[in-house]
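Naming follows writing order (A, B, C and D), and every chain is counted from residue 1.
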Amino acid sequence: MDVTFFTAWIQEIIRVLSINRDLLTRLDAAIGDADHGTNLDRGFTSVRQALSDTPPDTPGQLLTLVGNTLIRRVGGASGPLYGSLFRQLGKSLGDAPEVSLDDLAAAFATGLESVTRLGKAAEGDKTMVDALAPAARTLSSAAREGLKPGEAFGRAAAAAAEGAKATIPLQARKGRASYLGPRSVGHEDPGAASAALILSALHP
Amino acid sequence: MKKLINDAESVVADALTGLAAAHPALRVDVEARVVWRADAPRVGKVALVSGGGSGHEPLHAGFVGYGMLDAACPGEIFTSPVPDQVVAATERVDGGAGVLHVIKNYTGDVMNFELAAELCAQQGMAVASVLVDDDVAVQDSLYTAGRRGTGATLFVEKIAGAVAEAGAPLAEATRVAGAVVARSRSFGIALTSCAVPAAGKPTFDLPETEVELGIGIHGEPGRTRAPLASARDLAAVAMDAVHGDLPLAGDLLVMVNGMGGTPLIELYIAFAEVEAYIRGKGARVARSLVGNYVTSLDMQGFSVTVCQLDDELTELWDAPVQTPSLRWGR
Amino acid sequence: MKKLINDAESVVADALTGLAAAHPALRVDVEARVVWRADAPRVGKVALVSGGGSGHEPLHAGFVGYGMLDAACPGEIFTSPVPDQVVAATERVDGGAGVLHVIKNYTGDVMNFELAAELCAQQGMAVASVLVDDDVAVQDSLYTAGRRGTGATLFVEKIAGAVAEAGAPLAEATRVAGAVVARSRSFGIALTSCAVPAAGKPTFDLPETEVELGIGIHGEPGRTRAPLASARDLAAVAMDAVHGDLPLAGDLLVMVNGMGGTPLIELYIAFAEVEAYIRGKGARVARSLVGNYVTSLDMQGFSVTVCQLDDELTELWDAPVQTPSLRWGR
Amino acid sequence: MDVTFFTAWIQEIIRVLSINRDLLTRLDAAIGDADHGTNLDRGFTSVRQALSDTPPDTPGQLLTLVGNTLIRRVGGASGPLYGSLFRQLGKSLGDAPEVSLDDLAAAFATGLESVTRLGKAAEGDKTMVDALAPAARTLSSAAREGLKPGEAFGRAAAAAAEGAKATIPLQARKGRASYLGPRSVGHEDPGAASAALILSALHP
């Protein structure tokens, strides 16, 4: 998987998040402050611009640029968190021109770590971690099992989607939704939903 | 949802353009989203920087000026500023004596200010921070995001601003800011939802006969819903929550704050009830503010913030301040 | 309609109770409905008294204090005060140098103040009056009630207040007040109707996509209805009306005033457009106010008031003022 | 007609205005500021109190007390106008213990004059004058024709009601409704409506 592959991923993320902007904002309206879709759309619109301004040469460069751009443009909770995720992905992949599924899975694990280090959320706290963590685990086991990237991505996306849906019955312990206490139950976490979309954008 | 705006995308930029036009004593970088005192940096003076999502006006930009903030960095609507903004604001006002970041306790604000503080430290600036978390509606716990920062932010900015203006060192400004946080509590009640411009409609639906108790300042629903009641009863709900957390005693600084869509006549009615409640507990309103100071766009509702004064804090509160939205003594 | 009140009947009394509790520098007679400066009467100083229906807060009671009004008499919601109130206010602040009544031009206000002035004269007080009629939305004609008094009232109270504070005689305060009226024009636009507490529901219905152009400050519908438009276009409608009546030129004092339910962030957006419009005409915003000053309960919308400054008026505007809702210089 | 008669009239006005409070406020909401019903109800409630505090001895005393109370309690445009009307009625009737229809008609004519002197409205301006003026004329002609009070009052009330209804197609030239310009057309003037109610309360 080279820089073209990862560029395609990011372009697909941009497309998917823009389509789902209002959905994500609606999810955030229910248990947050009605800006998650707008935040990510603004961030990834800047990413598109940044990529066309200085097209990166390697997957690591690309993902670092994405991470930095998100940190510089999104704000809110999701900006630093997704920013760190992508920045860490870029850092882990280094300057290799080609990346294996193993490399990606390992990078994703460190990316997840950077998210939990920064946000201090554990699985079950009703955050994006509830989608990212199962996706990271699935990628790792798929890599261990020697699956083709296409299949691994499919499984990771499914795991993320499942993790996102599984936030519905949870009571939030982190982020804005935690202010609602028991009233956060019954709603899907917007960050988990966007994380699932980001994973669903991974096509071989 | 009706808004007096040009475009949901340009709300913050357009408002900053207006702010700049209205207040010659401020400098505004609309692109970089930074508002600062025209006379900054003041060499040898500790600088105060705050910021947060927009939609809470006049907080924070309306409190930039003599005796209060040196700079503010307004994020998008209800979205904390990005680190670049905080760094740019800090750079612009750092007079060599260090910079105090006043941060409302929200996950996003905390993380973005933390990232900014790292960048500032790398650039050799001395940055300290104070975290405001006064909202008693939220349970405080190690395992959660903790209490929200709401109305007490104004108290911190005013009082720490006076400390800084008096020439005190960074550690002292930080200490006093922390003392204000420790002595302040808030509780908010919404009569209606606000509408985020980009979302295009009210954040939540609230029947004509109900209110939300324990709301924050981002249009989020509260802890519970309750029947609409009299100003007296609603004030009692808010004050019971405050009093239950930090018993009312002695001289108090009290703010009855509108959420943006509630007219002043109603806020004075609420203040009358709050003042009577406090008197009933044997405490005293020594200083007060009634008005729209820490808002949630066009939400109807109010919050009460109480701070236990002592002689030092009273004197600092009374010290001159000259900002667009808080001014006395000069 | 949701209100933060105890009872529709007690709105004015309850708000006055809160006002008294919040502002120790004011004296408030809740029964008699009079608010006056604690230091009144000031012997030898011309006193300024204004009043009108409640629902326009902070006007007028929020402008009682040093350098502005000596007393205010708030009527019921949107109902001009009765003569007894005006007489009581006048008596309380008359320092022997005469009293200027600042009257917004509404049939009820004019008649009640006239009846009061007769009673004051019978008691030997020297009373003069100034009639504020700045609203260009209304055709001025001998055969009608004439133009309404709206935002310019604040300008008159501030500027004539400065004249009086400086020790000028009654004739001089009256002359300057008249000059401010002659040089001021306003136009208002509503995005929503307000709701009068005792009426229990919004005064008029306005679809989500329409605005009322040329409204006053009593929740009455405007001259025409128009589609909701951008802040830029709405500001242009207001400014075209003002400019068409009194061409914009030279240094201007400009207020972008919220009708009570519009948040500050939107008012700054409108101000940016107003300022750009004025610059486009080759005139200049020399002084400005942005905020909720002359409101119409919880109505969403704004008005623009423009006053042509000269050196004298600028100096008087800049003179110190210390009231609950307008304060600078001390 | 003695003080008992006029007391009954005032009590009936109090009753009728209180019943129609919301109607009058609704009329005022359409072309004014939604307070006319509340204003009059507040004023006449005070009148009730004033009458029970110091029961007047003569029709003139009674009506003067009513007028003064309205001026002291109503505010707005209608306060001074109705206040002057009743005050003038009282003044015209002097201290006679008994009043004829002739006396009343003459008093009403001077009362109307005091309203137009103060408010400067002419008939057709869409104000209370549009109901008061025809009522005053009808009373005078009824008195000239020697009608019984009962019949005279019936005609005067009908004339006032007709005058009030006739304000509907008019464009207002006085009072708050004048600000609406052509948009004031199509609505009944609240003050004309309350004047008609006040006349309708006159029973023999």
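In this text, a residue touches a chain if its C-beta (ideal position, glycine included) is under 8 Å from a C-beta of that chain, and two chains touch if they have at least 3 such contacts.
Predicted, not measured: the structure shown is a model, and the values here were computed from it.
S.K.: In angstrom, rounded to a whole number, how far apart do the mean CA points of chain A and chain B lie?
M.R.: So the centroids are 31 Å from each other.
S.K.: Could you put a whole-Å number on the gap between the CA centroids of chain B and chain C?
M.R.: 29
S.K.: Could you grab the centroid distance between chain A and chain C? Build each centroid from C-alpha atoms only and quote it in angstrom.
M.R.: Each chain reduced to its C-alpha mean, chain A and chain C end up 54 Å apart.
S.K.: Using the touch rule from the top of the page, what residues of chain C touch 2 or more other chains?
M.R.: Residue numbers touching two or more other chains: none in chain C.
S.K.: Hey, what residues on chain A touch two or more of the other chains?
M.R.: In chain A, no residue touches two or more other chains.
S.K.: Can you tell me, using the touch rule above, whether these chains form a line, ring, star, complete graph or other shape?
M.R.: Drawn as a graph, the chains make an open path, so a line.
S.K.: Would you mind giving me the full set of chain pairs in touch?
M.R.: A-B, B-C, C-D
S.K.: Mind pulling up the chain D residues that touch chain C in the complex?
M.R.: My answer: residues 25-26, 29-35, 38-39, 42, 71-81, 118-119, 173-176, 178-181, 183.
S.K.: Spell out the residues on chain B that touch chain A in their complex, using ranges where they run on.
M.R.: 53, 75-84, 106-108, 111-112, 115, 137-139, 143-145, 148, 196, 198-199, 203-204, 216, 218-221, 223-224
S.K.: Which positions of chain B touch chain C when the two form their complex?
M.R.: 1-7, 11, 14-19, 21-22, 54-55, 57-58, 62, 191-192, 208, 211, 228, 230-232, 234, 260-273, 275, 285, 288, 290-292, 295, 297-298, 300-302, 322, 325, 327-330
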